[in-house]
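Before I ask anything, let me first share the structure, which is written out below as structure tokens.
Chain naming follows the written order as A, B, C, D, E and F, and within any one chain the residues start at number 1.
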Amino acid sequence: MAKHLFEYRNGEDIELPLLIKSADIRIAKNGKKFIALILQDTSGHMPAKLWDASDAAIEQYKAGEVVHVRGKRELYNDNPQIKLYGMRLATQEEGNDPKYFLERAPEKSGDMEEDISSFVFDILNPNWNRIVRKLLADHHDAFFSYPAAKSNHHANGGGLAFHTLSILRLAKHVGEQYPNINVSLLYAGAILHDMGKTIELSGPVSTEYTVTGNLIGHIVLIDEEIIRACIELKIDSTQEDVVLLRHMILAHHGLLEYGSPVRPQLPEAQILHDLDELDASINMMTTAVAHVEGGQFSERLFGMDNRRFYRPEGIQHLSGSPKE
Amino acid sequence: MAKHLFEYRNGEDIELPLLIKSADIRIAKNGKKFIALILQDTSGHMPAKLWDASDAAIEQYKAGEVVHVRGKRELYNDNPQIKLYGMRLATQEEGNDPKYFLERAPEKSGDMEEDISSFVFDILNPNWNRIVRKLLADHHDAFFSYPAAKSNHHANGGGLAFHTLSILRLAKHVGEQYPNINVSLLYAGAILHDMGKTIELSGPVSTEYTVTGNLIGHIVLIDEEIIRACIELKIDSTQEDVVLLRHMILAHHGLLEYGSPVRPQLPEAQILHDLDELDASINMMTTAVAHVEGGQFSERLFGMDNRRFYRPEGIQHLSGSPKE
Amino acid sequence: MAKHLFEYRNGEDIELPLLIKSADIRIAKNGKKFIALILQDTSGHMPAKLWDASDAAIEQYKAGEVVHVRGKRELYNDNPQIKLYGMRLATQEEGNDPKYFLERAPEKSGDMEEDISSFVFDILNPNWNRIVRKLLADHHDAFFSYPAAKSNHHANGGGLAFHTLSILRLAKHVGEQYPNINVSLLYAGAILHDMGKTIELSGPVSTEYTVTGNLIGHIVLIDEEIIRACIELKIDSTQEDVVLLRHMILAHHGLLEYGSPVRPQLPEAQILHDLDELDASINMMTTAVAHVEGGQFSERLFGMDNRRFYRPEGIQHLSGSPKE
Amino acid sequence: MAKHLFEYRNGEDIELPLLIKSADIRIAKNGKKFIALILQDTSGHMPAKLWDASDAAIEQYKAGEVVHVRGKRELYNDNPQIKLYGMRLATQEEGNDPKYFLERAPEKSGDMEEDISSFVFDILNPNWNRIVRKLLADHHDAFFSYPAAKSNHHANGGGLAFHTLSILRLAKHVGEQYPNINVSLLYAGAILHDMGKTIELSGPVSTEYTVTGNLIGHIVLIDEEIIRACIELKIDSTQEDVVLLRHMILAHHGLLEYGSPVRPQLPEAQILHDLDELDASINMMTTAVAHVEGGQFSERLFGMDNRRFYRPEGIQHLSGSPKE
Amino acid sequence: MAKHLFEYRNGEDIELPLLIKSADIRIAKNGKKFIALILQDTSGHMPAKLWDASDAAIEQYKAGEVVHVRGKRELYNDNPQIKLYGMRLATQEEGNDPKYFLERAPEKSGDMEEDISSFVFDILNPNWNRIVRKLLADHHDAFFSYPAAKSNHHANGGGLAFHTLSILRLAKHVGEQYPNINVSLLYAGAILHDMGKTIELSGPVSTEYTVTGNLIGHIVLIDEEIIRACIELKIDSTQEDVVLLRHMILAHHGLLEYGSPVRPQLPEAQILHDLDELDASINMMTTAVAHVEGGQFSERLFGMDNRRFYRPEGIQHLSGSPKE
Amino acid sequence: MAKHLFEYRNGEDIELPLLIKSADIRIAKNGKKFIALILQDTSGHMPAKLWDASDAAIEQYKAGEVVHVRGKRELYNDNPQIKLYGMRLATQEEGNDPKYFLERAPEKSGDMEEDISSFVFDILNPNWNRIVRKLLADHHDAFFSYPAAKSNHHANGGGLAFHTLSILRLAKHVGEQYPNINVSLLYAGAILHDMGKTIELSGPVSTEYTVTGNLIGHIVLIDEEIIRACIELKIDSTQEDVVLLRHMILAHHGLLEYGSPVRPQLPEAQILHDLDELDASINMMTTAVAHVEGGQFSERLFGMDNRRFYRPEGIQHLSGSPKE
């Protein structure tokens, strides 16, 4: 079977089919147009530039197309990129269905669904349980296929469900360690907290913000879904437990500056925010560090206040759990 | 007929019925309890302190009670207060219905209703028009009796409707002066923008935040009402016009730091925010300046970044419109 | 008569005389120089790039020159630009006077002057009236020809007077709606608030900041003019009314961070600041939205915290005043 | 056996021995002195005021003394306090050793020591292991008896060790869930991160900052201890693993504004900061919520941006782990 | 001769004449009025409280009066205060002229004048020299008697001139050490930078902000004086050297947030700001540290970001210049 | 002897040997690589670009190499640069030792050492004196050859010692002017404050941050050196005088945001911070202004909040000390 993109080494010649993740037309300082591409397969994504792009090329090479690429992997500002020798559209025979080229969460959709179901089972408050079940069903396909964000963290197919599941697992340990925490509320909030992204974002391929996403935002969009669920399930939304659940979602960005209309006023709401940040940070940091050699700093991470992270030189063998 | 509270002058003896707007129990530095009262009638409100308060007094003198007060108006830190000589509960015969003692907006409820109706008439988009009509009907009584805020600006009975109407009048002029503005959208947004306060606050007497008000906030509470109205009126809420209306309300605090989950992204949404601030500021500043003499600075206004405002000494006769 | 710049459509060939608004020499990444031009006529301005510029071309094509341009209108990052085919200096016979190519405020200079005069008439305090009249006379030509800013808002010929007039019109309505406002003070402050820009900026063509503008700033420059006017008119500047007028100008940026040496401490000073911001915002937002199609977001506006504004798709017909 | 302080209910008469946690002399507005006391036993601490305090009383009732107290528990601003009827120093026979009155961490010192030892066992890097072991031994007594902070979170005897242990337990789960994390580094950093507080603070009774604590701070004080340990253990401190360990401690406040001289630049350093915050927050929030009734908001928490947290009214029975 | 206020020690009985620096009427929590006094003589100032103040006492004991005081020096929150036993107005015979009780700068007015003159002599640019000479003459009496601020730093008689002189002395050394600095400009800016305080403040006794001071501010007030001086001296104020001098004054607060309408854009303007801050800081810190014992921290200094400063215990003998 | 780099004028042809200070590989918008060079000799440094760089050229032209350059000095964005005609490596015969091409502090190393020694002589506290002497000896070579920063201020060979000496000279005057300052402490702090840069930075040629420098920072690195010195010199580091000295260094960045783990709490610590900033600012500003013509603004200075500084047009002859 063919090698994947990230299995090539620096300086090595490349020849493989890749999906165009994004394609921006820019004008070079010599007055000619070029296409700034991001190309991907399931192993990750890498930038490439198509210089002196003709109008035909611009028409042809759009986000969502699968292309057959020849080139060389090289380093630019310490980050890998593809120097293009040639490129053409892949044919149907070669396999040009975008879904086979998406980066994917590290667990299978079916496994994740099963795991999340077992967490739903532990939501003991009946109103929370019914609302969560209904919204999981309503948004099932998008929830298990969308990324958790346009870029930043978990920006891959299934990333939304995987990020949700990671938070649930952390939440379970927190519930065991601090017995006064209402675990049912924490689970219900965790499952719904980012589900509005299925409306805010355009989908798993060539992800963009929708107009509704820009003007309303995923926090209020999922709040709307909870209200609609209450009406359909004949749950009185003025009851305290529904108000608490809505508060969990509304407050989960932690600070007003980050787009939450209210700050966390329940211990569980603050904890959901903290676990959300923790999981997103770990995802961003470990991904970045994995892309550099020992003794090097990663690229600057926009989502981590533009910091670089260091990969130690001499102690990799100690990484991992103490059992290793 | 009896004099009102603000018709007494400094040093003058006072004897009149007043409503207890708020009553906080505190412990004096000599170890005894006292009640920090705010007393009001339709002319305004003033603080007073009942020293060495017995348990019976604490039980009796609560927010919402009408009391018969004897004392003297005096100045404390340049602000008027009542030095109490004596106080007792008013009897039913004397008239102890709180509603006759509330400060009120300067226009009558019926007049305001009529004026607002004529603005509704000018909302030409049918979805916006129907949603606004329905919510005005649903929240009619609270909308025309609640204050616009717990303290700060328009904190009086009918203040919510009066503040809304003031914004509509400014909006009309803006619409005439800048022809590209969508006036229908501006009117619909203005009428609904603070209507969630009828759920966020407890009512016109002894106004407090409700638990739901604290945990959800008036911005999302009125968004919920719009969604419910759409369902009942069978309006598809994914249509652009409904999204635009919701955006008007969600963005009206202008900045994320002030509790809007999204920033204004329509000219009309930015203008609604600006007019909301302008009307609230003018209300706070002119009220504060009216309470001091010429040549003096007002007390510091919390809602205006703690600034003091100056009342000129020599040029009062020029105030007001150029026709004077 | 010839078509104007903004009457051409995307993809259409262009041939017309244009004024060079600015011309920056830059070095392309191929090591050769190019000129980044902004070209304008009365319909607006658009960028263009002259590649591989010779020293002769650099010498010739400077801000303030009128050139004869051949090219094509195209889109770059969703904004229109001119792709140049050829360019030469216009001859005197063809008409190369810059003044015929300046974007202009939407009202005629004479009409604006008449309108502003009628506002001056309503300034009832004699000192304010005399100071305003004198400074309007002293700075007459610049006041009616300068832009209100180098870029951002009202950056066109006559923009300063038009911005001033817009504020006066808003001020009139505010004065009618809130009777305690001193309208004379508001008018006087509005007329003078930005008049220092006639000294801070270099003029209506190729507008730059002067050295004095950078080191002193337009707020203090007009304060100087008020002092000089008092001396000449034998008005005692320690009188309260002169202090109030100076405060109006000094405080009109609202916050110290925006360059006001004192914060507004008069209701009228706060209102002037608010109306100044409101008019500038509406100008920036409506101009930006007018340049994009329905269903699109505008470019990011530096003067509006880098936000983009949305132009609705389906409801243009409702725009404008309710009479439509 | 006698009742503890927090076993009395509001309005109930109190008679029991208590430790003076702090005693501030203040002057009442009637000109007389009073002592603002905080009294405690192992169940928690509560304020009380001794009015009209004589010089003898001031001399006698100091922080660290055990007193015999008669009074009544009552509410002030929704928080419990003791209204004093009488107070005298406890005799040696009654038991006046402060250590029997300190609030204590919820686990026994010996158990905590055993648990922490098992984490040390899992630190696989020999340098980190030896440094941690040595410093744990050097600071053994203080480490297991000091609070984690003067006030805010874990401000009780043994709080420092308990807070450390809570972070280690969270760290274990994070290590299991994210396999690329270096758990040895995370454990070593967690154990040392706040150990400098044994030098920064004065001790478990009447905790104050030392002069050295104020001028150097606990972050640099423990860094000094690491350097001294390296010298004694003949470990070359320029080796990468020692630099990494020092970075873990130096960066653990997360932001420069919070007193870290460098920001986290290792994933493990960021995670240590996040878990530190998470454990401290949960401790503060759950303690505050436990002190109020259902349906009430807690007092404002200084360490949580002055927020109040809500204790739900109707759903206590759901609290705790899903097994309940 | 009688002892001065700060020559008494804690616990010692006091009997001496003092000037009332300020007298605020407050209401005690027992409902009675008291006067919060600040009393001073040339050795410094100390607070005292007159409890249960009658209307006659309030009328009598105002800022600016000299009183004969009996009491005791004691400590309150680590700061000294006077516990009053008795107080009466001083008679003319006893000496009740406020000027003999003002704290004064450590150098004599005549000496300071001479020193400042010698700096004026070194201002080589004729325009700067003439403007400085004229304004020093115009504001002579106030300049040499006013404090440099209402409170904070150099808040004593002659403080303005002494602060100015201290900056000039620092400026001289800077000029010698960095030869590219224009010393003439630095001297001229230093002498004028705070001269506007002679208009902004009410005077050396019971110093308050004037209305003009509040609404215009001392920065713009001295700018006005420069303009008036230019007119009188027939200096063209559009010349570069005058613009530079005005910039020095306008920019001397360093940041817009601190009230400068423009930021420093000349090296000399930045240096003036830095030396101004340096001298004010040293004055505040050394004054505060001088009031506490070795081994103690000072009170918190509002003008130094609320920090406390430490007075070392064991090394006083090393203080001062290396010659000691 | 050959001309130096900054002795060539704009437009003049250049031919001379230069040191490559830095060499960044970038990709031009035409897809080809170029090298962005900074070239220097003792007169200063200037940028140049080598277009269409071959792999051999990239291999050859690295930071630290001496090259023989032919080209032309020209202006780009008002700043000088070299337009390259040709470039080759210098031979050993031509002199290719980097040390002869480094910009150097304006005083000789030996003179600076002597001057600093005389300041050490005036440190009267024996512990401070011994620690300073030992660390000066330990870091002697680096201290007198390193720059004070990677870029920003004093970024030249010997810059660290020169910056230190400039602060000492300012400190001497401050000590003379304010007699309560402990000059010994100020001198000791000044000499050590930036000495950690000898570990934080890689050296005088092609200066970079070391990994240890990034992860620990120069403030904590010199604190470590003080601790090691105490151990070696058998000084008890818990003594107050050692704590004070460490505080001087730890607090010298002034604000936590700037990387100090504690804020200055000694007058001497605040003064050291202020003098550090003052000397760095003057160095940056005067260097920038020296590079432009009269009547021009300098480039924007990153280290001065991105401000530009103005070089006056008409008054250069007045610059310098008043004796001129």
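The definition used in the following text is that contacts are C-beta pairs under 8 Å (C-beta built on N, C-alpha and C of every residue); 3 or more make two chains touch, one makes a residue touch a chain.
Chain labels with UniProt names: A, B, C, D, E, F = HD domain-containing protein.
On a predicted model such as this, the values are computed, not experimentally measured, just so you know.
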Chains touching both chain E and chain F: C, D
Residue-number overlap at the chain B/chain E interface, same or different (half cut): different
Taking each chain's C-alpha mean as its centre, the one farthest from chain E: A
Cα superposition angle of chain C on its copy chain D, in degrees to the nearest 5: 180
Chain B-chain C separation of Cα centroids, rounded to whole Å: 38
Interchain centroid distance [CA atoms averaged], chain B/chain D, Å: 44
Sequence positions of chain A contacting 2 or more other chains: 28-30, 211, 214-215, 240, 244, 265-266, 297, 310
All chain pairs that touch each other: A-B, A-C, A-D, A-F, B-C, B-D, B-E, C-E, C-F, D-E, D-F, E-F
Chain B-touching residues of chain A, taken from the complex the two chains share: 211-212, 214-217, 219-220, 223-224, 227-228, 231, 237-238, 240, 243-244, 246-247, 250, 256-262, 265-266
Footprint of chain D on chain E - complex, ascending: 28-30, 34, 49, 51, 76, 295, 297, 310
Touch list for chain A against partner chain D, complex: 122-125, 166, 169-170, 173-185, 187, 240-241, 244, 263-267, 270-271, 274-275, 277-278, 281-282, 285-286, 289-290, 297, 304-305, 307-310, 312-315, 318-322
Chain E-touching residues of chain D, taken from the complex the two chains share: 27-31, 211, 214-215
